[in-house]
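Chain nomenclature is as follows: A, B, C, D and E, assigned in order of appearance, with residue numbering initiated at 1 for each chain independently.
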Amino acid sequence: MHSSTLLIIVLGLMSLAYYLGRKRAIVSAGGAGRISTLHSLPTYYGLYAALWAGIPAILLMGLWTAFQDEILVALVKAELPGSMLEGLSPGAVGLLVNDIKNLASGAIVSRVATPEMQAAADRFALFSQIAVWAMWLGVLALAVGGMAFAWLRTNPRMRARNRVESIFMVILVVFSSIAILTTLGIVLSVLFESLRFFQEISPLDFFFGTLWSPQTALRADQVGASGAFGAVPLFTGTLMVSTIAMLVAVPIGLMSAIYLSEYAPRRVRSWAKPTLEVLAGVPTVVYGFFAALTVAPFIRELGMSMGLNVASESALAAGLVMGVMIIPFVSSLSEDVINAVPQAMRDGSYALGATQSETIRRVVIPAALPGIVGGVLLAVSRAIGETMIVVMAAGLAANLTANPLDSVTTVTVQIVTLLTGDQEFDSAKTMAAFALGLTLFVVTLALNVIALHIVRKYREQYE
Amino acid sequence: RDSIWIAGSSTVFPFSTAVAETFGRESSFPTPKVESLGTGGGFKLFCSGVGVDKSDISNASRAIKKSEFEQCQANGVTEITEVKIGYDGIAIANAKSGPALDMSLGELWLALAKDVPNEDGKLVANPYKKWNEINKDLPDVAIEVLGPPPTSGTRDAFVELAMEGGCDSFDSVKALKDSDKDMHKAVCHGIREDGAFIEAGENDNLIVQKLIANPNAVGIFGFSFLDQNTDTLQGAKIAGVDPTFETIGDGSYPVSRSIYFYVKNAHVGTIPGIQEYVAEFTNDKAWGPEGYLADKGLIALPDEMRASVAEQAQALKPMAAPAK
Amino acid sequence: MSTTVDEMSRRTGAMSSAELAGGRESRATVGDVTCANPRMVCRDVDVFYGSTQAIKGVSLDIGKNEVVSMIGPSGCGKSTFLRCLNRMNDTIDGCRVTGSIQLDGQDIYDKGLDPVPLRAQVGMVFQKPNPFPKSIYENVAYGPRIHGLTNSKAELDEVIEGSLQKAGLWNEVKDRLDKPGTGLSGGQQQRLCIARTIAVSPEVILMDEPCSALDPIATAIIEELIDELRANYSIAIVTHSMQQAARVSQRTAYFHLGDLIEVGETNQIFTNPKHRLTEDYITGRFG
Amino acid sequence: MSKSHAAGAPPKRTIDIVNASLKRRYARERRFRLVGLAAVILGLTFVGLLFADIIAKGHTAFVQTYIQLPVTFDAETLDPMGTRDPETLARANYQAVIRDALRNEFPEVTERRATRALASIISVGAPSHLRDMVLKNPDLVGTTREVWLLADDDIDMLMKGHIDRNLPESERRVKDQTVGWVEQLESQGRIEKRFNTIFFTNGTSREPELAGIAGALMGSFYTLVLTLLISFPIGVGAALYLEEFAPKNRWTDLIEVNINNLAAVPSIVFGLLGLAVFIALFGVPRSTPLVAALVLSLMTLPTIIIASRAALKSVPPSIREAALGVGASPLQTQMHHVLPLAMPGMLTGTIIGMAQALGETAPLLMIGMIAFIVDIPSGFTSPSTVLPVQIFLWADSPERAFVERTSAAIMVLLAFLILMNLGAVLLRRRFERRW
Amino acid sequence: MSTTVDEMSRRTGAMSSAELAGGRESRATVGDVTCANPRMVCRDVDVFYGSTQAIKGVSLDIGKNEVVSMIGPSGCGKSTFLRCLNRMNDTIDGCRVTGSIQLDGQDIYDKGLDPVPLRAQVGMVFQKPNPFPKSIYENVAYGPRIHGLTNSKAELDEVIEGSLQKAGLWNEVKDRLDKPGTGLSGGQQQRLCIARTIAVSPEVILMDEPCSALDPIATAIIEELIDELRANYSIAIVTHSMQQAARVSQRTAYFHLGDLIEVGETNQIFTNPKHRLTEDYITGRFG
């Protein structure tokens, strides 16, 4: 009696409802020959019935699974002898309940079961049994009820399509709001800690300070606590690494996209594109090793041979490899939109005597611009958010430098190291991670607003 | 939940998992889940309270701090058993193809400190660019040290053991200890930021690989990685002492730290197997000098100490509040 | 009226099926396909879309200073043939052209020949207006820009104004040159495409139903333009309006199901067609 | 309409101007094309390099050294009572059986240290292998069989040449004595490399020779199935709504910017969110594919939404008009015409988003997935880890033998990625068309 | 000939600038905009693209069983007005419609009104042929499918054959129904779009230059179709061919720069226009 079985049964009922609803609609119209008298296609009556059968039942099931455990535990707890719960903290009660559950499910328990425990476990087992039965009954009843309701409401004048479509629209709106909720969640989960951080460290120091050294600032006996939380080097580091990455990814990605969609034979394109896409899925650890052990030494050697002073960890190495990683964001997304530009646009250009590259540069790319910008923005975002490669190849030193051969660190790297390193409760160091996150969020938001306006301005909408 | 949940230090992770695996294989209990969160992250979770959704055991590459202990108390985690499991040596090593190093802690400090005393004992920004500028016997190569980032426990330990040990060998600095304690600490703990010391992330294998690629670089990382790479790496001698199991175990190699795990006593008896796990860990078959943990690079405690820790651990004797 | 149409369509229907039954092999063209002063010479041109043949062994000359009009029922291959003349068929997947087409004695399907100067020389107005999704100004400026025909902004402005004026669009768009060309009405778009083409002053102009979306007045302007262009250039025009063909062209070619049925002086074709199919089509005009 | 060209000068033929500049334009054309080709080749080279590097490092992990020993399943040791009770057999001391087998093979080894060294050439996993044999076939007790036993990882490394026999003994993990034993076994043909099934069937382990990828693979499988099920419909649905149905105003602009911005949120922050919301607030169990999928879905959603919106934007409006014009409802127009035409772009977004989700470790850090979990997960709510995390953990292990296993795990991940994408890529090709 | 055109265009040019100078406020329509048996009633319809007004206070009825033709110079707002009648302007960003348009007494711009059944009832053939990138069969089958007009495959096949036949396309495509509709010639695409529209048997049909890419014979077939459809339905047709307007329509509306200048019996409009602008335009037909 697994709940996935129930889910499958509900899905089965939905298909049954679909079938019945459809049939009922046809019958109510007066037979297959008269379906044109129906308000909507029979399919929509079917879908209507299926949705009525499915949605309430599945909602109930979701709620039930979410709350069943809590209710059962409350029931079992209520019947435990008071002596067992006496003086126990809620956590300890939870542990006791856990033990009872283990006992009930036959798993290994931590101690010899007392009769009370055994009784509670039996009760728990019984209640769960009942609960499962009740859920099955409830869910199935709701499914069948929904089906019957839809059945009763089915008549030729019912606006089935409109109803089904409005349900779909509601679903779409819910889907869209998930993005908003996520944003809200992120802002909330970083905001409070950030505010606390700014109570300890002046925002001025944070935004304009040029020295980043969170660890030392932590110690109570730190000499110059001021200035140790200057985020400027992190932002310049982020800027530098992302810029290098984009300098690699945008030309390579865009030119690949152009070549694959406009020049390459179809066969080449059909395997080259997915092959490039593999680059996006290689774990960043792998890129990190590649950057640190292959690219960085190479750059160092090269630099040395030219008499340059190259750090063994350099922004350049990390940026280059990161650029490789995000190539597919630019190449694949751009390729799709370039491919979608109507042939008539190209024809118009060719007929005026434009060469292929002129056509691409002046007609195709501008027409595909919103999509290309979308891909590039994604790539930038990915570059800003990447950590592993930077940690492994660019080092962690917060240098304020414009030299790509120096080692730098980025905002996200610092967030990760601050959050996963040896953190301590409520120290400014840990909270700095949140402040950094919030700042990054605001900065990228501003960048995106600008990008949106640029796209709006230069958008060329074909017919 | 019917299995033990262990979380904490990444340094203790290899040992803890080895025990967990053996425990799972050889007992009737399920294999514990071990999470690598870092020492601080482990304590954060551990001290957030008692309950099924809180960890049972916390691994740590340092002793619990007072603030953490208090947090634990505040959240109802009152009885904690501290189990010191052995030592983790911190190796200072470079590639075999590079020059062999033998230096004192003082010289190491001079190489890495942010500010060093000049001839007349005044503090100046670290002027040393090459090892042999510190001591003529040291090699004529640029100082380039790859070490853990400030957020890592290894860095903390290195600073406290090596740097602080080194700086006190200079009288002028030592004198500060009494006159200006804060100053003393800042001087001893400050690591140079002019590029000679490179923060290289927490992946010790990466440091090993970087050392092999760059024979002039010196790395700071866990001893077990040196143990596994004796064919390509050489450990630097500190004051003539090679890093080996023996020298670390008997304390003659100075840069090593104790590692621990902490048991939440409130969970014993409600989560099955905790006691048995502790017993497995504190068994000579595991943590003894010849035990399987030694193969993984753990340096065992001296015999008597092991015996007494094992006794207290198995009795789940709650620890007292730490001093700091 | 409707009865006439009825009869007509029945007749045509019968005719086409007879043609279909008669197989699709190419047939000799009635009339003289050559002309005195040819700029483009096509011989035995076949065009295939995949495996179906859309043009069957068509030979036709287009002379200097003349307007050749191409007429024929919808789907007979006029556009296809026209697109061969500046190699616009290259862009269609699976389209294959055989036979020889020469511009000034040079085979344009020659391997070594590159279509770019060819197309600059042989301009084309498409059947479906396809303005670029750019401003009206940029649409017309596009050709002169890529070829570097003008040396200054002022000169370019002049060319653009001239082209739009010749296409009869200037008055309507002069206040909105910076608005997108796709926001124009159908007929305006068509004239924009004409302006765009003549802005590069091609020497041969291919026009695929340039006036299909135009009112009589605009049509008259375009026809006048064609007449004016003829002084220096050669023009091939596809049209469904026989009146228009009669008005603007010196020679007329009648296509039917991929065959070039008859070619001749425009006057002769419309007054005294030699082939039965031509005659049927011409008379159908009154149906 | 007399003169169309600039005053006076005879009109210059376009073709002359064109021809004059043609060489330059063609040079540019060639350059452009070449740059494009170079870009593709460069991109493919990167892929090739990465693959070559990984395969070169990892291919040796697919074989594993075994040692053949005549094993006496001594009744005295295994089943002193003679009851053949499975319980007894399961708890018997198989370690001793192996020790005896080794002693018989190398009778000259008696010294205590040497005996220990000798015992350690066999993996600690070998006893449980013998136990499984006996439990499956209790009749083995009392007999002697030639059994291929799993060798220790050091021996494996030695056999594969990752430990150099020619180095001086002091620099080598495997000492001369052990090398001698190995060479003796080699000369008898009692040591060989066989296909490493353990790698594909086991969960992780601290012993490299026992470590397998199955647990992480299943974890990744469950996680990604869920991620796909959550993020694809939501992503496409949200894109559809925002691009096609939502009124265009400041509010939707805000949402658009917002989504773009979500793509730039560092992935670890999604981990924080997951910890705060899914685990702390909703009580989703920690370290499970379920919570990982929820977090990864949030992370991939922006990618899918952005790609999908770009794809929707590129469908010509005339197609929408055509459908609306025959009386299709907006939703039908989308479902029947626009979505199929936009599908390639949406699938691209999904491919890239899922690839990213498959390779991501940072957010999982926060939700307890960086963990040592031996058991192979059996569902969406059993504790598990995922491939990139396994790779991350192995890459950070000191044992030499984990180096090749790390690369082998990466190969498995890439194979998984390619398989996962294959379906989407084929589907995408079916939808692709030009108009 | 060319002098006539010259004169003509000069005259028109002068006229338009006068009009432009005269401002763009709406003006009263000459003639009776109402009809006896109206299906669609438009009153004071204004249409704006952003801030520019494309239609200025147009009122017009479309009666049962009648064909109304709309004529006027390119860009005068015919398509725009037509698209108002089945709310296709909804899809254009920044397009705003005011005034009232009723279908059978029901305001189609009413908040509560669902445009979907409206569009099924009021079909439209667009000026630029826009076949779906699907097979020819699917192009025509789409409408009947979504409206559930047929009950079986056979019936659907029948509808499709019938529609294609009425549009005069059947013979040309019957062997290639599964080929993409976008691979047809311009005129074929136009007829495909007509077939697609009539396949759902709308009660009001809006046709925007349905014969612009058609030869006379195909045009005759479409005109016959219009005539036939008129028996049951109402039709509004935009055309540039005044002959066509004269042939197919009962009433004619003349648009100029967004104004509806004159409406009347087709006969009267063409023989005896009341407004000077109409007269100018009509006479321009002979230019």
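Odds and ends about this structure:
Basically, a residue touches a chain if its C-beta (ideal position, glycine included) is under 8 Å from a C-beta of that chain, and two chains touch if they have at least 3 such contacts.
In UniProt terms, the chains line up like this: A = Phosphate transport system permease protein; C, E = Phosphate ABC transporter ATP-binding protein (PhoT family); D = Phosphate transport system permease protein PstA.
Keep in mind that this is a model prediction, so the values were computed, not measured.
The fewest steps needed to get from subunit A to subunit C, moving only between touching chains, is 1. Listing every chain that touches subunit A and subunit B alike gives D.
Chain-level centrality, scored on Cα centres against the all-protein Cα centre, points to A.
Chain pair with the most C-beta contact pairs: A-D. Among the remaining chains, B is positioned farthest from subunit E, on the basis of C-alpha centroids. When chain centres are defined as mean Cα coordinates, C lies farthest from subunit A.
Distance from the subunit B centre to the subunit C centre is 84 Å, each centre being the mean of its Cα atoms. Our note on geometry: subunit D versus subunit E, Cα centroid distance of 59 Å, whole angstroms.
The geometric centre of subunit A is 18 Å away from that of subunit D, both derived from CA atoms.
With centres set at the average Cα position, the gap from subunit C to subunit E is 26 Å.
Of all residues in subunit D, those touching 2 or more other chains are 18, 25-26, 317-318, 329, 341, 365, 395, 435, listed in ascending order. Those residues of subunit C in touch with two or more other chains are numbered 116-117, 120-121, 128, 146-147, 200, 202.
Counting partners per residue, subunit A has 161, 289, 343, 353, 355, 358, 420, 461-463 as the residues that reach two or more other chains. Two chains count as a pair here when they touch; such pairs are A-B, A-C, A-D, A-E, B-D, C-D, C-E, D-E. Put simply, subunit E touches subunit A in their complex at residues 114, 116, 128, 146-149, 151-152. Residues 343-355, 358, 362-363, 366-367, 460-463 of subunit A are the ones that touch subunit C when the two sit in their complex. Looking at the complex, you find that subunit A touches subunit E at residues 32-33, 35-36, 38, 40-42, 161-162, 463. Of all residues in subunit C, only 1-2, 5-6, 8-9, 12-13, 16-17, 20, 49, 52, 71-75, 77, 79-80, 127-129, 168, 171-172, 183-188, 191, 208-209, 212-221, 223-224, 227, 240, 242, 247, 281, 284-285, 287 touch subunit E in the complex they form. Residues 1, 4, 6, 11, 13-15, 17-19, 21-22, 25-26 of subunit D are the ones that touch subunit C when the two sit in their complex.
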